[in-house]
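Some structures are shown below for you to check.
In the two complexes that follow, chain A is the common piece, with chain B as its partner first and chain C second.
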Partner chain A sequence: MNFSFHGGRVSGLLCVLPAREQSFLEDMKHFDFPESRSRKLMEVMGYDKHRLVESGACVSDLAVCGLQYLFDRGLLGRDDFDALILVTQSPDHFMPPTSNIIQGRLNLKQDLLCLDLNQGCAGFVIGLIEAFLLLQQESVRKVVLINADVLSRKTSPQDRNSYPLVGDAAAITVVERGQADVEIHASVKMDGTRNETLMIPAGGFRMPCTPETAALEDVGDHNLRAKDHLRMDGSAVFNFVQVEVPPLIESLLAEAGVAKDSVDYFLCHQPNRFMLQKLADKMKVPHAKIPMNVVEHFGNSSGVTIPVVTAFNLGARLTQEQFQVCFAGFGVGLTWSAMLMNLGPLPFCQMIQYPGGEQL
Partner chain B sequence: MNALADILKSIRPEFDFTTSNDFLADGMLDSFDMIALVAALDKTYGISIEGVEVVPDHFRNLSTIAALLKKYGVAAA
Partner chain C sequence: MNINVEAFYAKLAEILDVETVQPDSVLRDFEAWDSLSVLSLLAMVDAKYGITLKPAELAKVKLAQELAELVELKIASRSGN
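After this line comes the complex of A and B, so read on.
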């Protein structure tokens, strides 16, 4: 499905990363796996360090920290935005919506649309599409999009399929009206028949959490995981990305009439370095145009990785310059999405630490 | 095939890859080993095996791996 928008723009980006940093060498102690093989995995996949919340920290904690940081520094007025969209797979509660919790904790105005969206690694583009759709309303002048997840809390430390790569983070993206003659293009596809490829089986109404769902099971290759934990079919995800993402980006560029060479950066979701290298080669895009260094520094924080890869690699430059970028997200659902836009110059594009708000 | 067997042995030194006809069924390679193998083949032969080719059927034995490499112009594996 294709979308196009006129008169919208991203006007600020803040990433919030947990202060706690854990190394892959520490993770290795939990695996029933020879150290030499773990080290090879580290080298190929790019695993090194990841940022994880302390137990008990929730999505709303990261979001409130980030928004308060922006309010305190005058980078965002607390009454200046008319919608707050939260994209997460790890809400504080089933109900109420976590966006309402954030609104309440910050005592934001009542004349505010709060909206939770359940999306993962494609969730940055999905959230931006929602924000641009809302901006078409006369009453909506500015939208705050929050992508946040704390999925390390739902990942088994003894599952080397997922634990070494997972990271926690939040990102606040300010979206507002822009030049009417500037067009933004987006494309999204979904395939619910493959919904079990990435899943947390227990914890919803279909399979409530019980002592049985919390029990660790040997799921092969010396991995131990419970039904309460995140389950990822790594081979299926890898194949899905290689098959589906390149044609989506090609068709988006064709729709927009933009040559691949004129895109400055392809800012992709960050599953692991190997997958991104193969994606770049398949798309025939120089590796320098697809930054792939997020997993090794921060981990894969699902829908937050695109803001993180943007701020980490281009943060300072984006406050001065403009780039034509193609965002691409892919994951749970299955969902794959891409968006082409001019990004920058931005009043702010930075990363801070939770708790404390120190700049990274 | 000796060069290929050596590359495989660098990933799983505990196995003799010349004796098996199905590395996956015999538990000699898992999905992460396949990825490590692709990275090693890319580096050794200066190629980039396409992501869509990273499927079990190409990595069952020395002959299937050699056939895959042949597609990338690597004949003397």
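After this line comes the complex of A and C, so read on.
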């Protein structure tokens, strides 16, 4: 389905990456697999390093670190936003909403709509849609969108289909009113019949965590995983992306009346380099227009990868220039989404480390 | 439609990190027949023949020859649409 918005814009982007970095060569030690095949996996998928939180670190820790950084530097006023949207699949607790926890930890005002959204790899576009919808209210002048996940904590180190690519991160995107004559187009599709393609089977009410769900099982290819862990059907995800994403982007561009060539960058979710290369080929877009270097530097942090790919590749330029960008997120749900907008110049577009807030 | 089977086996050998693949080669017997090879195969047939092989379809295939036949079948059903 299609959305269009008038008069909204992104006015700042901050990514928060864990300071802890782990290399694929370290990951390999946990795999029961010939080393030559692991090296092949590394080469084909583009694995190198990924950023993982220390055990115990939660989504609200990353988010509070980022917001405090912005408050301290005068990049965001603590009373200047009227809604706080958190998109995550790894909340601190089932209840209360983690957005309320963030509000409380920072002593934010009570006239603030706090909203948790359960979305994954498409969660940046979904969050932006929600933010633009809220901005249509008179009382909402500015929205803070937080995308954050610490899914490494739910990934088996002995599952080489998931662990080498996973990363943790948070991103804070400030969304506010802009010129009324500027239109933003978005398109979203969902298919719940394929909801098991990416899932954490245990830990909810359907299958509560027990000693049995914590037991590691050989799930083929000598990969060990428990029902408490994230499970990803890599082949099904690959087919899904190749089949569904290019037509979604084509139809969005047609709807907006924008030629593919006039899009400066396609800022896509970052599953791994392999899938993005194949996606670029399928879309017939030059690889230079689809940055695909996030997994090798930071890992795949679900809904945070679009902010990370943006800040990492275009951060400095976006503080000076404007680009026409197409965001595209795809994954859990299944959900696939794309949004076309003019991005920049932004007052800030940067990356910091957690803990400490040191600039990256 | 028939594919160039020689070229197909050569591509398959490349994916499986071996010199050659014979029609009667059992795919599961290759050391490199794992999820990475399956993904590479899905990508190869998508790029080269424009077809999508489903993991469930692939699970039924035992020999290299059967894989080639599956690819031909998928190409035929696509052009029939």
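To be clear about the criterion, the second predicted complex is superposed on the first by the 360 of 360 C-alpha atoms of A that agree within 3 Å, B and C clash if a C-alpha of one lies under 4 Å from a C-alpha of the other, contacts with A are read in each partner's own complex, and residues count from 1 in each chain.
One rule holds in what follows: a contact is a pair of C-beta atoms (placed from the backbone, for glycine too) under 8 Å apart; a residue touches a chain by one contact, two chains touch by 3 or more.
These numbers were taken from a predicted model, which means no experiment stands behind them.
Chemist: Between chain B (first) and chain C (second), which, if any, makes contact with A:D221: first, second, both or neither?
Modeler: The answer is both, since A:D221 touches chain B and chain C.
Chemist: Looking at the overlay, what does A:A236 touch: chain B (first), chain C (second), both, or neither?
Modeler: Only chain C is touched by A:A236; chain B is not.
Chemist: Using the superposition on chain A described above, determine whether A:D281 touches chain B (first), chain C (second), both, or neither.
Modeler: After superposition on chain A, A:D281 lies in contact with both partners, chain B and chain C.
Chemist: Touch check for A:V44: first (chain B), second (chain C), both, or neither?
Modeler: A:V44 sits against chain B and chain C alike.
Chemist: Under the stated touch criterion, which partner chain does A:E321 make contact with: chain B (first), chain C (second), both, or neither?
Modeler: Neither partner.
Chemist: Name the residues of chain A shared by its contacts with chain B and its contacts with chain C.
Modeler: 37, 40-41, 44-45, 221, 234-235, 238-239, 242-243, 274, 278, 281-282
Chemist: In the complex formed with chain A, which residues of chain C make contact?
Modeler: My answer: residues 17, 31-32, 34-36, 38-40, 42-43, 46-47, 52-55, 58.
Chemist: Using the touch definition from the top, list the residues of chain A that touch chain C in their complex.
Modeler: 34, 37, 40-41, 44-45, 161, 220-221, 233-236, 238-239, 242-243, 274, 278, 281-282
Chemist: Would you pull the chain A residues touching chain B in the complex into a rising list?
Modeler: 36-37, 40-41, 43-45, 160, 221, 234-235, 238-239, 241-243, 274-275, 277-279, 281-282
Chemist: List the residues on chain B that touch chain A in their complex, please.
Modeler: 11-13, 30-33, 35-36, 38-39, 48, 50-52, 54-56
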